[in-house]
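Below is one structure. I have some questions about it.
Which chain is which? They are A, B and C, in the order written, and residues in each are numbered from 1.
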Amino acid sequence: MKKYLKLAAYAALLLLLPFATGLALGKTWVRILDFALLYVMLALGLNIVVGFAGLLDLGYVAFFAVGAYCYALLASPHFGLHLPFWMILPIGAFAAGIFGMLLGAPTLRLRGDYLAIVTLGFGEIIRIFLNNLDTPYNITGGPQGVDLIDPIRLGPFSLNQPPGHAVYSYYFLFLLFALATAFVSMRLQHSRIGRAWAAIREDEIAAEAMGIDTRNVKLLAFAMGASFGGLSGGLFAGFEGFVSPESFTLTESIMILSMVVLGGMGHIRGVIFGALLLSILPEALRYVGPLEQSLFGKIVVDPSSLRMLLFGLSLILVMLLRPAGLWPSPARKRELLAHGDTAKHENTGVYDAGR
Amino acid sequence: MDIFLQQLINGIVLGSIYSLVALGYTLVYGIMGLINFAHGDIVMVGAMVTLTVARLLSDSGLPGPLVLGIGMLAAIPACMAVGYLIERIAYRPLRNAPRLAPLITAIGVSILLQNLAMMIWGREYLSFPQILPTQTMAVGGASISAIQILIVASSTIMMAGLSSLIRKTRLGNAMRATAQNPEVATLMGVNINAIVSITFVLGSALAAVAGMMVSAYYGIAHYDMGFILGLKAFTAAVLGGIGNIEGAMLGGLLLGIIESMGAGYLGTLTGGVMGSNYQDVFAFFVLILVLIFRPSGLLGERVGERP
Amino acid sequence: MAIPQNTRTPASMMQDAKLLEAHDIGRTFGGLAALSGVSLTINRGEIYALIGPNGAGKTTLFNILTGIYKPDSGNFRLEGVEMAGKKPSEMAKSGISRTFQNIRLFANMSAIENVMVGRHCRTSGSVLGAILGNSRTRAEEKAIAENAKHLLDYVGLSKHAHMLARNLSYGDQRRLEIARALATEPKLLALDEPAAGMNPLETDSLKILLETIRRDGVTLLLIEHDVKLVMGICDRLAVLNFGKKIAEGVPSQVCSNPLVIEAYLGVS
């Protein structure tokens, strides 16, 4: 009974939150909440790759871009296509998953470092293509991107109606998707596949020896994570109404990674916490500019670089001081006490002997 | 003008720079098995410092090459200090941590350096003062400028120096021993911590010189210039065989030539569909192809497979 | 778990007495022959040991049989199926499971989770099944957990089921590794120096465990330095020296073989 009460309280909080925020802080902040939910989805997606399977993906935003452009191209005047969102979202997620596999395939049998650098490169390359694929055929709209994207429609209702209330309707849509993402993550973590991911993260050679086809299982993690990114990308495109390469920079990838690392890799609640923290807190930095203006009479430190500075610092400090994150899972907390042993395990690879 | 010869020359110049940066990746990787994601940003610091010095001295009446030399002399210790600090603060404490940890701090350090640089030097592209003679020499239908000769000559000297340092000195011996087997090297009386520090500092010094070259050659510097450059130099290191000194030199040179040729001919080959704005894409595809077909690189013996 | 094996008729025993047959296995590293022309046969239900001085090629052979190295020449069959060159995961699926000399458990997973991972290749739960949580997946999960519990009990670790593997004692970690390997339902369980680092008490109880496993129908292959343990437990053994098999047979025979004495004592 008590459990249900608690659940009801949470539900009420989540349902009332946007209206309270709107009343107290204005619609800008409801929009920030919407984005926070998108980031929750992205962070949970990246968490599958980084947290569950222990593979470092530094170009995660590329999959977000694939999903967003899928939506943009299939539901806008750009090609004159106007498919419904329930068709495009799976297409976007699927396409992102395929990209994830293509990218992972050549690197997954190598050391994790290679995957990191290839994903880092891919994140940039996809932006170069998005920027340049407007000639000779205009596919992506080039640097201007694609606009006039159809809003998400549920039957006859557009989420952009009534005008000015879009931030509220999208809040509920995103909330639904974020909860679903969290649910799926949870189910995956405690499954046969989730255990295989964890085993690979712990000791890849032992995992392989226990009959886990490590390459396939890693590829699966990569594809799953990517498809979460693609899904969020589709929602983003429908919400924003336009997409351009500028939204998909390395900065975004780093931000999502910071959320996962800061919250606690592999711990779903921690990751959600990290995503909320890092998507809402930096918004407060927008007040830093005016503050500096009034204190020093000029902008001393550019707030946006301050934001990135904080992300960089948080990555370093968390790894040095609290490698399991601000809200680590109970199991990982224990691991903190003596994580030196695992590293020793990994270094004495039998594979080094001469393959 | 002979396009082929011209692109070959440009490629060799570009390649010499890549080689220098690739050496930094390979040195650190050879010793620690770690990709120093921040290495490209150390190059950026080198470029920024050289550029700042050159700007300060551009009206002093000193001859151009001397100004460049002074800039380099300022950049080298600055980069060495940055490299040393990075290793001490961000990597050393994590030497026994799970693999993911130093990779994440490395990327953190890279972001940190970029944004500190942005705070110090601003977010605009900074132009390098015109201090070197701009006239060119004609060679068989192509032209070579003074800076191009300077780049190829000085990187050749530096690489030769590094080679003999590693082959012929006690320090080089200790470095090679550490790369082979750190535990045994310790037993043989090698101070691992010192070797790792020296490796970082050495790589950073090369990065400083590369930074000077890039900023003087292209005439601009920018806080995030190290990112793409680092990615390409890493590709060069993998192409040559990561951990292999000669491999880094060869890989850098090859990648430079591939890129120049690609940029020169891509437009014609694809009937104008893809232009030189795709230049940055080459390195990436080279990287993917190498990883698929020859992950150990051209000169690599040990396959970089598995932890 | 228990698979009674003395119910077999002598005829069928003749038929498939041979579990693993290796023929003319060779492997070189950088021009040096680590192993050349090694042939051996492991019979069903026996404990077969591989011994030899350091550098004799035991580990190389072990790594070939468990899929970490591909042999340069020769082949080996498990129940008549060609195995040489398969990946480690395929070896496990085909019925050869292993432990590691320097214990490689999933350190930050609990003991029971470690064993559950071993069930991976005998189960089929998919991503979709996990998300939907359908009855088939749930039943499979339950079976995995029960099987794992049973195996922990079998090796005597049931009271530590929820302890992190890293926090188990050394001897218990070795046992957990065996339980994890048994979870893959091996026909041949390959143990890489299972007694390394154990005290005499732990070695004795290990011996009992290995005999129980054999009695329950799993064939065992072990590499071991502890000659006393080997002689006391194995049915047959092979001796390697300089990458070649110099003797094979029952312990008493092998002990008296002059070549073996020479290899161990270095008399020329």
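Note that in this section a contact is a pair of C-beta atoms (placed from the backbone, for glycine too) under 8 Å apart; a residue touches a chain by one contact, two chains touch by 3 or more.
Only a predicted model underlies this, so the values are computations on that prediction, with no experimental measurement involved.
Peer 1: Name the shape of the chain contact graph, picking from line, ring, star, complete and other.
Peer 2: line
Peer 1: From chain B, which chain is the farthest off, judged by mean CA positions?
Peer 2: Farthest chain from chain B, going by C-alpha centroids: C.
Peer 1: Using the average of all C-alpha atoms in each chain as its centre, how far is it in Å between chain A and chain C?
Peer 2: 42
Peer 1: CA centre of chain B versus CA centre of chain C: separation in Å?
Peer 2: Once rounded, the distance between the two centres reads 48 Å.
Peer 1: So how far apart, in whole Å, are chain A and chain B when each is placed at the average of its C-alpha atoms?
Peer 2: 31
Peer 1: Of all the residues in chain A, which ones touch at least 2 other chains?
Peer 2: Answer for chain A, listing residues that touch two or more other chains: 205, 342, 351, 355.
Peer 1: For the complex, give me every residue of chain B touching chain A.
Peer 2: 34-35, 37, 89-90, 93-94, 96-105, 107-112, 114-116, 118-119, 123, 227-228, 231, 234-235, 238, 272-275, 277-278, 280-281, 283-284, 287-288, 291-292, 295, 303-307
Peer 1: Which positions of chain A touch chain B when the two form their complex?
Peer 2: For this pair, the touching residues of chain A are 50, 54, 56, 58, 106-107, 109-114, 116-118, 120-122, 124-125, 128-129, 131-132, 135-136, 204-205, 250, 254, 257, 261, 265, 301-302, 305-306, 308-309, 311-316, 319-320, 323, 339-340, 342-344, 346-347, 349, 351-352, 355.
Peer 1: Across the complex, what residues on chain C touch chain A?
Peer 2: That would be residues 29-30, 63, 66, 68-69, 87-89, 91-93, 97-98, 100, 102, 104-110, 113, 116-123, 125-127, 129-131, 133, 137, 140-141, 144, 164, 166-167, 180-181, 183-184 of chain C.
Peer 1: Please give the residue numbers of chain A that touch chain C in the complex, ascending.
Peer 2: Against chain C, chain A makes touches at 184, 187-188, 191-196, 198-199, 202-203, 205-214, 220, 224, 331-332, 334-335, 338, 341-342, 345, 348, 350-351, 353-355.
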